[in-house]
Amino acid sequence: IGGGGGGGADGPGGLVVIGYPESGIQLFRDYYSVSDGSEEILVPDGLRDGAMPGQVGNDMENVTGTAPAAGGPNQDAFNSLFQDEYGSSPGVFTSQSYDSVALQLLANAAAGENSGTAIRDQMRRIANPEGMTVTPNNLVEGVEAAANGDDVNYQGASSATNFDQNGDPASAAYAIWEFNADEGAAETQEVQSFEGENPEGSGPSADSGPGGSDREISVGILLPETGDLASVGAPMIQAAQLPAMQVNDANPAGLSVNAQVEDTQTSPSAGTAAAESLISAGVPSVCGSASSGVNVPVSQQVFIPNEVVGCSPSSTALSVTNLDDNDYIFRTAPSDRLQGRVMAQVMAERLEVSSVSTLYVNNDYGQQLSNRFASVFEDTFDGEVYRQTAFNIGESSYSSVVETALSAPDS
Amino acid sequence: MSVRDDLAARIPGGDTGLILSILLIVYAAYVLVGVGLGYSLRGQFNTIAVLTFYIAVFAMLALALNLHWGYTGLFNIGIVGFMAIGIYVMAFVSKPLYQPGGAAQVGGLGLPIIVGMIAGTVAAALVGLVVALPALRLRADYLAIVTIAMSEIVRFSFLSGEFEQFELFGTRVGFGGGSGLILNYTDPLTAFFEVFGLGGAYLGLVDAFGALVPNNPKPVVDSLVYGLLLLLFVAAYYWLLKRTGESPFGRVLKAIREDEDVANSLGKDTNRFKTKAFMLGCGLMGLAGVLWFMRSGAVTPNTFRPRITFFVWIALIIGGAGSNTGSVLGGAVFAALLYQGPRYLKNLIDAALPNASAPSGFGPAIAPLVSNVDPTPLLLYTIDSIRQLQLVFMGLVLIWLMHNRPEGMLGHRKETAAGIPLTASQARDKTAETDGGTTGGEADE
Amino acid sequence: MSDVPSSTGSEIDTDEPDGAAGVPDADDAESGSLDLGAGGPDVGEPYPLEVENLRKSFGGITAVDDASFSVERGSLTGLIGPNGAGKSTTFNLITGMLQPDAGSVTFDGEEITGETPHAIANRGLVRTFQIARELQEMTVLENMMLAPKFQRGEALWRSVTPGFRDDVIEQESELLERVWAVLEFFEIDHIAEEYAGNLSGGQRKLLELARALLTDPDMLLLDEPFAGVNPSLERRLLDHIHELREQGYTFLLVEHDMDLIMENCERVIVLHQGQVLTEGSPDEIQANEEVIEAYLGGNV
Amino acid sequence: MGISETYTRGRELAVTRPGSVLLGLVGVVLLFDLLVSLVTGTQSLSGVGSLVWDGLMRGLVIGLAGIGLSMTYSILNFANFAHGDYITAGAFSGWATTYLIAGLGRADVGALLLVGASGSVFGGTLGIGVTGTPVAVVAGIVVAGISTVLLALLIDRTVFKPIRDEDGITLLITSVGVAFALRYLMQFVFSSSVRGTTAQPPSLSLYLVDGAVRINAHDIALVVVAGSLMLGVHLLLQLTKLGKAMRAMADNEDLAQITGIPTERVVRAVWVVGGGLTGVAGYIFILWKGTLGFNDGWLLLLLIFAAVILGGIGSIYGAIVGGLAIGLTASLSVIWIPSSFSRAAAFFVMIVLLLVKPEGLFSGRSTA
Amino acid sequence: MSADADSDIATETVDSDDADAAGVSQETVPDREPDALLEVRDLDAGYGDLQILTDVDLDVADGEYVTIVGPNGAGKSTVMKSVFGLTNLMGGTVLFDGGDITGLRPEDIIHEGIGYVPQNDNVFASLTVRENLEMGAYILDEVPQDALDAVFDRFPILEERESQKAGTMSGGQQQMLAMGRALMLDPSLLLLDEPSAGLAPDLVDDMFDRIDAINDDGTAVLMVEQNAKEALRRCDRGYVLANGKNRYMDDGDTLLNDEQVRQDFLGG
């Protein structure tokens, strides 16, 4: 196990960096300017951005990533859809965003009305097995079937999208990926699947869907266009708009979709205000919001009391699982409980590192994932976590945090 | 030169009339926009409730700031820090005890909500005291920098892992660090009605409302009622601050704003007056923070960035520093036009031009204009980016105001700092008859 | 503090051009008396103000150097000296605006060295500034209403709590009448509703003096109150200062106008280079070689 | 008398001394703590060395940007909250130039002019850096300076000049408006994403006992540019009447007018000098840290204020020393306190120093 | 010195709201003098919207010594400021040396050869005494050493306190400094607003002597004084201003001896 350059010989052998590109670019730049890159670095989904090496100005060869695999059965179908529409390759959480909206459209078609409660009851029915398999490729047919009251089983781009008791994905696959600087891409090396106790999903669900034709489905998209997550949010919004476009182009069963986009500005208060305006517009279900820091207040203050379904494509924090939500809150991204475990395993077994420090963005996501990683890494894999260091978004230099993370453990 | 030659004089009903008529116009405009957007009745009610909420919180904050700046000349740009303290302390006190398994990572002290609100207000006032003790000796612009730095220190403290969780009285409490706090106490509104034993009556009202909004009327009624409650708070703030200003106490504050040495040499303990006024204002800001966020389900430290402080300043300046009426008006106008307005404007435009898809960036937006003089993409991009441009617009409004109406919408109205009207005619009359002492007493009612 | 509004007897010479200071009618002194409603100052020590070995230096300059003097109750005492002798600095030291390096100040038998300016003012020792400092964005009336000490409504709770506020308002009305009386006396009642910032240099001086009187002081320290005041008004003011003095108020007056000092003061203290050069009656001072050398004739 | 003397002395001790005494004490404790952790090995010497270097670099940026703020603060008598966004504006204009020159023919001109908005082109791919594309960097610096001067003059002409006679707070509030408008206009044009702007610069390692401090070419560029500009300003103010006129205006503008100082010309000169420095500071700030976002200047602004106030408003040396103090505090604080408090520590130092020495370290001397 | 200053002045009454304004000597509008240095005609000026001066006329001939007296708030300082372009001019003209300087910026007016010592705030408080004096010669390329020496001769205390911050000087010392600063450029017209205010008696005399001397050297002086008797005694011509209007104009001694003027404005 090699020691860090700047951190001296006693530094950790590996680093876990949890964050977003917004500050990740700066952080990695500062890392490469104090270290010779001898640490093994593991990053989660938040930093899966093929542009990172280009932005950092380094190949980032010592970086390995994990991410909820956009490893659903129909990933490729989604990729080409996205590529065709926007002429660029999809980014992180785009497939989850697509799935989130697709599921809501299906549930809405099956429910036959723009009612949050009815949609909630349909969510598992159209997502979990039994019935016609619907994929991004045949979404239009799927919507038609749902509107006819048929059973459908959506198989998404990001996963099989089966919901468990909590409204979380019942199973999850994680990709282990590395940067390819030349291609400007993050390439999946391997996919690991985790199946929960009920991979087929579980939880309350309606037995049948009334369906209905010739109506307008309304759906809200509440994602960050500005603020810290702007760069992640923009492609997510694009992806979220795809299902609506598909349906509007084909008008199955006379259905059309009115998709309203609101910006959370990555801020809880702006997010809440935006959600309120979706409620005013009578939206029964919303794809959003992106980060847990926004998702939790928006769900608590707006979605749950107003009986509106919220299905976040990217809020992975543990707290969302445990919300007292009357079953209105779903998500298509798996909980970080799983990812923390995967990361610990990758660190210990694949990268063969036994001493680690973590550097995490100071919010729900970073804090909980870092904690989860640390506890699994120490308890299950006998590793040692020197320290967990938080960093704040928007600093102009992370050299000192990087120094701290690379330094020897407190004695 | 008349001090009170202003807008209110031209509107029947004076100040109240002015405020009411402006509110009326604002609400009417929103209802119209709602009609344009095809909102259901529920949507309309919801819009009104949300609008009322923001009008109320900005009015409260502007009023509190007016005490600092308008009356005492204390340039406080750390408002958001006091709000953060208010809501965080309130959450700390009122959150239920920690229970493993819930969404909340930490618990609170489990005390009643009202205790939490008082604690939040008091805590903000006390932090005000801590800032005041050293900082009030500084020049206005230094005080500004100190207060904004303080608000950032507060934010960093709530962000920090050190206070994330700790043990107190054997239970796990804390401020949640970067993940913030989940506000898992009973809904304050419910709690409020239950305190007065009105829980049942309130549910009756909700049911009655079901006639208008059949499906799940509770959240709509909740927000409407909460909005109204906040307006009551605004009225209370107004009343309190008006009395504060129109009194010998307020007079000393005004004197401090003008020249502290003079007030001092006339035997006024200026530091005490300043500290009191500062603490009162900070407490009111803390309470406004509580009222703003207490029903928001969760709070995170990064909500409390300086931007909100500047919003409050814009609100105050729109209305006119020095005037309580102006502060309320400024809060209302800011909330309706600058804060919430652009969102509705964009939705309206979107509704009018449904299928226009905007380019994804400035590059693709401007290229057609340059290459073949096609401004449409740029226009679409502009509309699509209205949320960013909203802040540009706020900036321009601020500049315009400072250029053209630095004294605010209402014109120059430094309200007289005395419990009785200080006019020549009145006093002149009184020199004739000795007993005129009670005539001027009702100035503030 | 008296509850009875004072009788107001100052009359404006209506023949005067507007805004121009009136010519004092010397014989009107009695009827034009100004009662501050305070029933006159307390009578206590014969020397209300005693300054002992006061010293203050700024860097290398010793502005006040071991100065000791006392002021007799009910007197109008002049403090003179060349420019830079340390007169204003002495005022600042006495009133707590500056802390002395050494020495003590005693007022009414109690040591007040190092007390805060407001505490000293509240003891009844009030000053005016050499360069008038009015509260610009407040009207003249507000400026005046500010002055009276210990107003009930200065307690925040009393000002806002229903019930108690009536008290406050009652007192305000009483004060207002006193204020009008004083304003009329100083002939600035016609600008009562004007912002103080819009006054002319001389009007500001008047306002400042009027305001100081309203604090109901036992002793007033006046730093060149007449600089820039029209001579007619100056005479009128002096008459009333004399009158107040007879009621028992004590004045310490810094002034450069020797004629004025000689005609009006019963005692004169001469400061020179921070030290008390001499003190005595005007005649003694005028005859004193040292004074002539240092101040009246010689070079600075 | 005895009482009074004790009182006076006690008061003096309580007012003037304890601040400094306490500060000194705290310093000693911190230093001791550092020594202990160095000896026990919890801190490595090279690690501390790296922190010091990082702090110095930050400090130079803050100091350089602070000079402009300090100058306008003292003569126009207001705290310019738009200053941070002038920094950003300078950075964007300069970097657009650098991208254009470095990438001409290799990428779409639009993408280059928008400084690679939303990942369309990477500075790293273009090999940008002082060693890789020196011409592009120099051109960028020049353009950054010039365009910020123009921007500052334009805003002064349209926004500040009409309200020149108002008090400082009015201008301050107005500048907040300018800041908002400018910042979000830049976001509108250049998008809100952060981009990496440079290729990894060559670096050398200074070996300390237990490791190395790495210093790269951009650090050195920063030192050279900042150092020479600071020297330049010093000479400018010493050798021309501008410095004196600035001080007179800072003191009493009406009187300065009466004395025949062409106040408007001086104001313009100050914007030119201050704006130029600010723009260049923005450029090299980005060169040094390697990323560019629309918020960068604003996030730096509070630290700059802290530095300027610390150093004493109006003094260029004050700005420089204050900048270094703030930069070092922000970097080195992680040795003792959690890193999330590093900014807080910088503010805290400012507040404490304000209390001990309200006029700042170099108060009242704007050019010397 | 214009010996004929009073010879060709026609007297006429100016309308006034006061019944007894028709005093012995009356407000006059002099004919335009061929050698007039400063001519103020029909000046209306004020602050913001507030008009203070109404139809003020005023002349200073080359080398003449003119004093303005009047009650507090009459607008005396406003006249001075208006000449120097520091008020809101609402009407009328200001001619200097035949050229129109109405509304010029102060920095241009100083180039014309007018020096001005304002009533308040007349030193740079944070600059040293020497720097203050140097600022007086700002528009020159070099600080004229002889002018500096002359000022130091006149006010030795300034040389002694050369490096003291002006703001820490006593009130009287500041007044001297302000005078000194204005003299640095050797102006052809000097505007002095209450130069003797706050000065010790010997310095008052000294100050008036200096002003006489300056005037004797050919510099015209326009002075506002509350020390009216002394000022009128020494000047060539005096104006009495009240309520923002011309009230009386005559040569100094005449005004001084006029019963009405003494009664109303000079304190008997």
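Note that the chains take the letters A, B, C, D and E in the order they are written out, and that residue 1 is the start of every chain.
What we mean here is this: a contact is a pair of C-beta atoms (placed from the backbone, for glycine too) under 8 Å apart; a residue touches a chain by one contact, two chains touch by 3 or more.
From a predicted model like this one, the values you see are computed outputs, not experimental measurements.
Student: To get from chain B to chain E along touching chains, fewest steps?
Tutor: Minimum number of steps from chain B to chain E: 2.
Student: What is the touch distance from chain B to chain D, in steps?
Tutor: Graph distance in the chain contact network comes out at 1.
Student: Rounded to a whole Å, what is the gap between the Cα centroids of chain A and chain E?
Tutor: Inter-chain centre distance comes to 79 Å.
Student: So what's the Cα centroid distance for chain A and chain C, whole Å?
Tutor: The answer is 76 Å.
Student: Taking the mean of the C-alpha atoms as each chain's centre, how many Å separate chain A from chain D?
Tutor: Spacing between the chain centres: roughly 38 Å.
Student: Return the distance between the CA-based centres of chain C and chain D, expressed in whole Å.
Tutor: That gives a centre separation of 50 Å.
Student: If a residue has to touch 2 or more other chains to count, which residues of chain C qualify?
Tutor: Not one residue of chain C touches more than one other chain, so the list is empty.
Student: What residues in chain D touch two or more of the other chains?
Tutor: If we look for residues of chain D contacting two or more partner chains, we find 118, 187, 191-192, 338, 340, 343.
Student: If a residue has to touch 2 or more other chains to count, which residues of chain E qualify?
Tutor: 50 - these are the residues of chain E that touch more than one other chain.
Student: Tell me, which parts of chain B touch chain D in their complex?
Tutor: Against chain D, chain B makes touches at 75, 134-135, 137-138, 140-142, 144-146, 148-150, 152-153, 156-157, 159-162, 310, 313, 317, 360-363, 366-367, 382, 385, 388-392, 394-399, 402-403, 406.
Student: Mind pulling up the chain A residues that touch chain D in the complex?
Tutor: 5-10, 21-23, 25-26, 29-30, 32-34, 51, 53-58, 226-227, 230-231, 234, 362, 389-392, 394-397, 399-401, 403-404, 406-408, 410-411
Student: Within their complex, state which residues of chain B touch chain C.
Tutor: Residues 1, 3, 240, 243-244, 247-252, 254-255, 257-259, 261-270, 273, 276, 280, 414, 416-420, 422-424, 427-428, 430-431, 434, 436-441 of chain B touch chain C in their complex.
Student: Mind listing the chain E positions that touch chain D in their complex?
Tutor: Against chain D, the touching part of chain E is residues 84, 86, 105-107, 110-111, 116, 118, 121-127, 131, 134-136, 138-139, 181, 185.
Student: Once bound in the complex, which stretches of chain D touch chain B?
Tutor: Those residues of chain D that touch chain B are 78-79, 110-111, 114, 117-118, 120, 159, 162-163, 166, 168-170, 172-174, 176-185, 187-192, 302, 305-306, 309, 338, 340-341, 343-344, 347-348, 350-351, 354-355, 358.
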